[in-house]
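The structure appears below as structure tokens.
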Amino acid sequence: MEWGAPGADRVVGMSRFDGRTPEQLRPIAIERGWSKHAEGSVLVSFGDTKVFCTASVTEGVPRWRKGSGEGWVTAEYSMLPRSTNTRGDRESVRGRIGGRTHEISRLIGRSLRAVIDYKALGENTIVLDCDVLQADGGTRTAAITGAYVALADAVAWAQGKKLIKAGRKPLTGSVSAVSVGIVGGVPLLDLAYEEDVKADTDMNVVCTGDGRFVEVQGTAEAEPFARDELNALLDLAVAGCAELTAHQRAALEATL
Amino acid sequence: MEWGAPGADRVVGMSRFDGRTPEQLRPIAIERGWSKHAEGSVLVSFGDTKVFCTASVTEGVPRWRKGSGEGWVTAEYSMLPRSTNTRGDRESVRGRIGGRTHEISRLIGRSLRAVIDYKALGENTIVLDCDVLQADGGTRTAAITGAYVALADAVAWAQGKKLIKAGRKPLTGSVSAVSVGIVGGVPLLDLAYEEDVKADTDMNVVCTGDGRFVEVQGTAEAEPFARDELNALLDLAVAGCAELTAHQRAALEATL
Amino acid sequence: MEWGAPGADRVVGMSRFDGRTPEQLRPIAIERGWSKHAEGSVLVSFGDTKVFCTASVTEGVPRWRKGSGEGWVTAEYSMLPRSTNTRGDRESVRGRIGGRTHEISRLIGRSLRAVIDYKALGENTIVLDCDVLQADGGTRTAAITGAYVALADAVAWAQGKKLIKAGRKPLTGSVSAVSVGIVGGVPLLDLAYEEDVKADTDMNVVCTGDGRFVEVQGTAEAEPFARDELNALLDLAVAGCAELTAHQRAALEATL
Amino acid sequence: MEWGAPGADRVVGMSRFDGRTPEQLRPIAIERGWSKHAEGSVLVSFGDTKVFCTASVTEGVPRWRKGSGEGWVTAEYSMLPRSTNTRGDRESVRGRIGGRTHEISRLIGRSLRAVIDYKALGENTIVLDCDVLQADGGTRTAAITGAYVALADAVAWAQGKKLIKAGRKPLTGSVSAVSVGIVGGVPLLDLAYEEDVKADTDMNVVCTGDGRFVEVQGTAEAEPFARDELNALLDLAVAGCAELTAHQRAALEATL
Amino acid sequence: MEWGAPGADRVVGMSRFDGRTPEQLRPIAIERGWSKHAEGSVLVSFGDTKVFCTASVTEGVPRWRKGSGEGWVTAEYSMLPRSTNTRGDRESVRGRIGGRTHEISRLIGRSLRAVIDYKALGENTIVLDCDVLQADGGTRTAAITGAYVALADAVAWAQGKKLIKAGRKPLTGSVSAVSVGIVGGVPLLDLAYEEDVKADTDMNVVCTGDGRFVEVQGTAEAEPFARDELNALLDLAVAGCAELTAHQRAALEATL
Amino acid sequence: MEWGAPGADRVVGMSRFDGRTPEQLRPIAIERGWSKHAEGSVLVSFGDTKVFCTASVTEGVPRWRKGSGEGWVTAEYSMLPRSTNTRGDRESVRGRIGGRTHEISRLIGRSLRAVIDYKALGENTIVLDCDVLQADGGTRTAAITGAYVALADAVAWAQGKKLIKAGRKPLTGSVSAVSVGIVGGVPLLDLAYEEDVKADTDMNVVCTGDGRFVEVQGTAEAEPFARDELNALLDLAVAGCAELTAHQRAALEATL
């Protein structure tokens, strides 16, 4: 069956390798307070993908921003060597950071900065560290989703410590992210590793809590994709991010 | 005027800083045969952005691919230190490659591999080097567009040298790329540097010659963007890539 | 009161900052099966110090050992950037591994190799990764203690997979480790960070399950120490390691 | 025929592989204004050797020179990966600069500093970047010859911008450079790559416009060389540099 | 014969490969004034192990210590590439310092800092460079022993130059170091390389001149060791360090 | 008095800062057998400049030379951190080799290869390590002069071990090197550091034992130099190298 056939039929009786429907997220867990040291910390799970996110607040900003009255938010992503099925070399041992790590760190940083009001943050820096403890597809989207919650806790901490002026709200919204892809002609939400490797097209979408786009990164892994495929993937992603936004809100409303 | 107002009105009387209309490319030039050594070589210009692309063919493939009967295509992007308005440090001197360079090198490689039939290429490797001689916005899209032409020449060279089996066609199509963005509420094609720094949203789109997508990378630089903004940008990009495809074809049809 | 006075008196009424007696370990937890990918994996806690240890088995040995019929065991230690009270730079970002990291990685590797029969292991390699998720003193001793359990699971896995010849026992014993130190004139077992920074003398001791020494590393942080102080510390350490050995045995006897 | 025999006979009827006489330069081209960003920029060609030279002016000097009232001039040389017949690895990718690159960068910097009056330059820094686009022997001598012209333009720019005090002349003369070598017993000027690899002795000579020496670097590639051979090479080089000086002057006199 | 048998019998008639008794040091030489540049310099020999130690005094301290009124002492250890039987790669060429080098540099620094009164030193820094010219076992212990003498000369120099306030004594004692090990069941002092490679247990001990411990680092190279073995080794080491202390004193009392 | 005036007058009554005449070498010492491990080893002194040179022979050649039947000779130069008046950072600590080190290592290697018959050497590699223990000008020329003697001993060792075929003579001659320069208008031989920093022109000359040139590297440090100045320097250098050749021969004729 070719993709493009009526959607209702398409999914009838279908079941993904783990029993999910195409538009279903994996079990999501967002555990706050996972570190006694960090100003914000979260263990986020998208199924078997587990990422440990900490938010570290420091007074002051990098040199190029000093005196601007504006803050800075940045992120670093890394995978533990045995977070994957086969052990990978440590980047510290190799002495250099790989392209993929660089790319994902930059994506996480940009995504979180999209909901930061630098003026309101004042000359403070928040660093998000996203370390993948176990990988099963979607580590960058889990990282963004978890890092937002750690960031929110860190901002609240800084407000409590009066590092941020009273009445200022550095967070202008929330962000979450999810992967989508076309596997065997069918658009699927939140790909597990087993699906990811088979995908013809793979897309990571970062949305704000109000449903707008912060990042859209689609890649044809095998076949180039058509406009209607792109649209179907965006529909899935927007719905998935809305669900993740609800998970984030619930986590932040819980007592720490 | 808010973006979203009727398009016809929107552009009336408008002129970009360089006199272009919103849907107009900068002057495009694709000069082949720019190196006496490389198997394929192109100097590509998108206005004042100039990228020197060479394609180097070597027999054999990286170790992890040996014995597969399949070839490999990869790319490296770099900016000369004074290709920009302010001199940047050389990455060789700093001893490490920056995240942006890594990210763009990977994008160029993926884009070109999207139109390569590895089996037809056989166990040969083609490396595309894209060195920015002068930057004025859109260096990565110019690099992809130029590198495709260098790649086509290199494939033809390899066919002439019988490195590729008779009758095999390693190229399954063509690729070109262009940037689009929303500046002052108006979607624009092929941003020059001056426009790029003001853009609220910035997107790089890589298309095949038949109008499908290879990569879609949209980033909210300031404000998150809505679905209809995304659609307007994609429309512009698809049209721009079609024009670039025509430039590529014309360049390749010319006698070298 | 000078240290050296009768021990019974010394401790009367004394209580460490966290309520422990001088010869008391912090709460110890050894959780196996903490990764779905690794052949052995443990989350070990010595109080608030938490180290994630994985054991990765690969067939084959490093080049310098090929053809010897003997296996190899090695270890890598690292701290997540915000495992400590103040965020530290990532060694991957700095592009080099620091001296302390090198030193501890080497210590862990040597300690585990002390109970490995290379011949029985055959030409297999086991890499222990010890990543500190949260640090509160004693990260290297927790790492050794946890890594032994991960190693035991990995060896059992390899035996199950017939990578190790039937009847061969690569493990010749067990190892555990604990820190001891003299704080305010009193020898203490298993220092927490708050005690560690105040210690005059700091010692890490690695013992086998049968109470012999694998490593003894004592350092005068402030005052040089005398022979009787050394003896008192060794007494504490040997008793502490015996307790840790019991924890390891209990963890390994539990059903995974 | 041994070298040292009467010169007149020796050259009769001789022609180099490209038709030149022993004392003839390759076609020389010095194109100014090759970059819209740099304060001085030149594409210099010695036959098929093409080097892109930019001069970047910045106010201020390196830390070790601050407060001296004196300026600084330095240079960096690099070859594009496919400037040669076989693609070379990028030094940025390897993470370190090779010895040859270091050596040539230092030579170019010293050569240009030989005609700079630091006091007159004031606390300004000029960096010369010499990137080899295509190599066919003599890249370092072409780089010096072209960089001088870029430097002259940059100095003029700085004078126009009043970065240099009125009446001060930072340039005390001009410099050009050429290679010479003994091939098959015959001293030749301006070796192309094909000749360079066969040379018994290879010498790079940097002269001022008034015919004095700035650098003389002679190397016996195969056989040690005698004093009269050295003299013959120096004669050729001095004459070659005089011609190059005329090319430089003509280029600088042309309207940009 | 097992170790633990009556000591008197054990050694009867025994002779080590070089004719020494078990409790005998190799010939020790400490030559001061080995560099005309350094503020303190020593060539120390433990038999064929020769280490060149220089002490360099600079006014000021590292940034993290500025304004504290306290000084700093640190050390760097390195082996010349052919100091060993087989040439080793230079760490500068490899671009990174190995774990062993790091470990030993840190040990030397800690050992010397154990006898430094930072307040009395004032805001001065002393760097000890210990370069192994020839290695035959015990390079780290020779380095510590020699570096102490260079340090003492450097402190005296600084006192002479009034960098240290009159009446202040930065040195609170002396340090020396020696290796001990169990070879073939017999505890031996000051192992030569030939003995070191055969040792079951290897221990480096750093003592102050008054016989207390600064560092005790024991490692089971083959078999774990028992408490009485540890005690026997410590006895040997303490006696050896006392001898080395006498050598240091004699060297420092000689006229330079 | 300008340089160029009659030489006899010029030197009358002149004395260099250390009492030498312009054409006088510093005291030269070449001590062989300075390492028990290396196949050839020399401590060479040119006055206070002391360089430790070892020659290490290994069977086999680098990969790119395998199967050629030809050997290889290469060199590495380094300065100990406190070989100079002010301590310099270790290149191993900085993680990269500086340009000067690269340049000198390459010069030493080329100089020694000039007297090597690769065919006669057979597939053996000799590495010369030249480590400067104390620097006082002319370290590279001392290194070349000493390294030749170490090389000669290493070749003799390899002949004794039958690594080199009977009757084959890998050494086709000898090499030595010396610095010359114009200081205060006067050409001087073998500059000490104090003279080197004042030199207008500085030249390093490498000669074979029969008086021909292997390398001539002249640099105008301040003023460009004229042809007759160059000639005067070459005259001095040739005479100096002849003296150094005699020292080398005497050293090699002595019983080791």
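Going in written order, the chains are labelled A, B, C, D, E and F, and every chain counts its residues from 1.
Note that in this section contacts are C-beta pairs under 8 Å (C-beta built on N, C-alpha and C of every residue); 3 or more make two chains touch, one makes a residue touch a chain.
Here the structure is a predicted model, which is why all the values come from computation and not from measurement.
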item	value
Set of chains adjacent to subunit E and to subunit F	none
Fewest touching-chain hops separating subunit B from subunit E	3
Chain at maximum distance from subunit A, centres defined as averaged CA atoms	F
Distance between the centres, which are taken as Cα means, of subunit F and subunit A, whole angstrom	60
Averaged-CA centre spacing for the pair subunit C and subunit A, given as whole angstrom	34
Whole-Å separation of chain centres (CA-atom averages), subunit D against subunit F	27
Junction residues of subunit B, two or more chains touched	95-97
Touch-based graph of the chains, sorted into line, ring, star, complete or other	ring
Ring order of chains, beginning at subunit E and proceeding to subunit F	E, F, D, B, A, C
Interface residues, subunit C side, partner subunit E - complex	96-100, 102-103, 105-106, 110, 114, 173, 203, 207-208, 210, 212-220, 224-227, 230, 234, 238
Complex contacts: residues of subunit C adjacent to subunit A	35-38, 41, 48, 52, 54, 56, 58, 76, 78, 80-85, 87, 90-97, 101, 127, 129, 131, 133-136
